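What follows is one structure encoded as structure tokens, with my remarks underneath.
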Amino acid sequence: MKMVYFAWVRERVGTGAEEVAPPASVVTVADLLDWLAAHGGGHADAFGERERLRAAVDGAFVPLDSPLSGAAEVAIFPPVTGG
Amino acid sequence: MIRVLVQTEPFDLSAEMMRLEAEGTGGIATFTGLVRADDGVDVLELEHYPGVTERALTDLAQEATARWSLTAVSIVHRVGPMRPGERIVFVGTAAAHRAAALEACAYLIDRLKTDAPFWKRESRGGQARWVEQRTGDVDAAARWR
Amino acid sequence: MIRVLVQTEPFDLSAEMMRLEAEGTGGIATFTGLVRADDGVDVLELEHYPGVTERALTDLAQEATARWSLTAVSIVHRVGPMRPGERIVFVGTAAAHRAAALEACAYLIDRLKTDAPFWKRESRGGQARWVEQRTGDVDAAARWR
Amino acid sequence: MKMVYFAWVRERVGTGAEEVAPPASVVTVADLLDWLAAHGGGHADAFGERERLRAAVDGAFVPLDSPLSGAAEVAIFPPVTGG
């Protein structure tokens, strides 16, 4: 599964993209964040305040409690600020 | 015509207008966003989610086209570093009647602000900070639902 | 900046945009009206009340500037004979924030339709008729009061 | 007093502008229309349907029952259709 990060999430994680292989117990986006944060370091710092995070699964914006269900790419980022 | 561009290069406003006019009959509404020098901002940098951004903008353009019977929509958004006064975004809509073009233009810029994956970082004298989403932008997008 | 022009010559859209950008910080909204080929119209002729038209448009521009804190307004209106696809009118507004620019632009084109002394005559194959005021236009202007 | 006419009012009157000298009994725009229509011809034809007429006195749009009160220029025209 490919993880991609944007804006300050990317800066705190320390990379814009990485390959991960979560265990079967990781069902939702929130589970994935918990699992990644447990590695400590940048991930724990980036994922500390869940209400400031948004996610997209295979390019579709989804709530954090959405299932991953075989996703190829999961993106984690702050609320968007374009325009 | 639906035209969606996300690019680092500056864009040519009159070329965008000409394209809309070529497809338009009746009225063309546009919105152009310029980088503001808020409290001494000297560089604004835009990051985006390549591929997903274009798809999100295309989805918005298709929704607006169906809702207001538009004959043409253009959305051009710059990414990368920009200076105050430069154009960040252009939204243009063409329709047979003015109310449709004007409303669709307002809709697209409101929805773009909350539904397309762009992130702004302001720098003031070398000090950078990520811009926070404004409640007003969330409210503006919500009024169209 | 308040710029009001009533002229028989076609106008340069990109020059008008540049002027607004030079005065603008934040957002610029525009509306451009094009001659429609409704039911075979081949010529549209615009008559106006010289002097009074310009004053009416300037009054509207000043009202909009005060109401929405605009940094610039341009209104350019053509008179005389025009063909389908040609630009009749351009309204452009610049403001620090997008909602102000977009609302003021809609306001100006709505009010212009009922408060500025212009009259349209359509010709189809040599048969001319004066266009009647639309109830929808009166209602659109009234919503701003 | 200068009269100016636009659009089909101009066409029916037969001129775009003319000088007139109404008597003192002509107080309002409507009085002026009555007095001009009494001359017959183009004016009577142009001013037949009052609800289709609009007026400006010295450049200001006014209702037809407005006083002329020393106006220099009175304009008569159909509802406007610009934009």
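The first chain written gets the first letter, and so on, giving A, B, C and D; residue counts start at 1 in each chain.
In this text, a contact is a pair of C-beta atoms (placed from the backbone, for glycine too) under 8 Å apart; a residue touches a chain by one contact, two chains touch by 3 or more.
Keep in mind it's a predicted model, so treat the numbers as computed, not measured.
Annotation: 23 Å between the Cα-based centres of subunit B and subunit C. Averaged Cα coordinates give subunit A a centre that lies 73 Å from the centre of subunit D. With centres set at the average Cα position, the gap from subunit B to subunit D is 49 Å. Within subunit A, the positions touching two or more other chains are listed as 83. Along subunit C, residues 33, 98, 109 each make contact with two or more other chains.
Chain contact topology: the protein chains form an open path, each linked only to its neighbours in the line. Counting only pairs that meet the touch rule, the chains in contact are A-B, B-C, C-D. By the touch criterion stated above, subunit B contacts subunit A in their complex at residues 33, 46-49, 51-52, 55, 77, 88-89, 109, 112-121, 130-134, 137. Within the complex formed with subunit C, the residues of subunit B that make contact are 13-14, 17, 21, 24-34, 36-37, 84-85, 87, 96, 98-99, 101-102, 105-106, 109, 140. Chain contact summary for the complex, subunit D toward subunit C: residues 4, 6-8, 10, 56, 59, 61, 75, 77-83.
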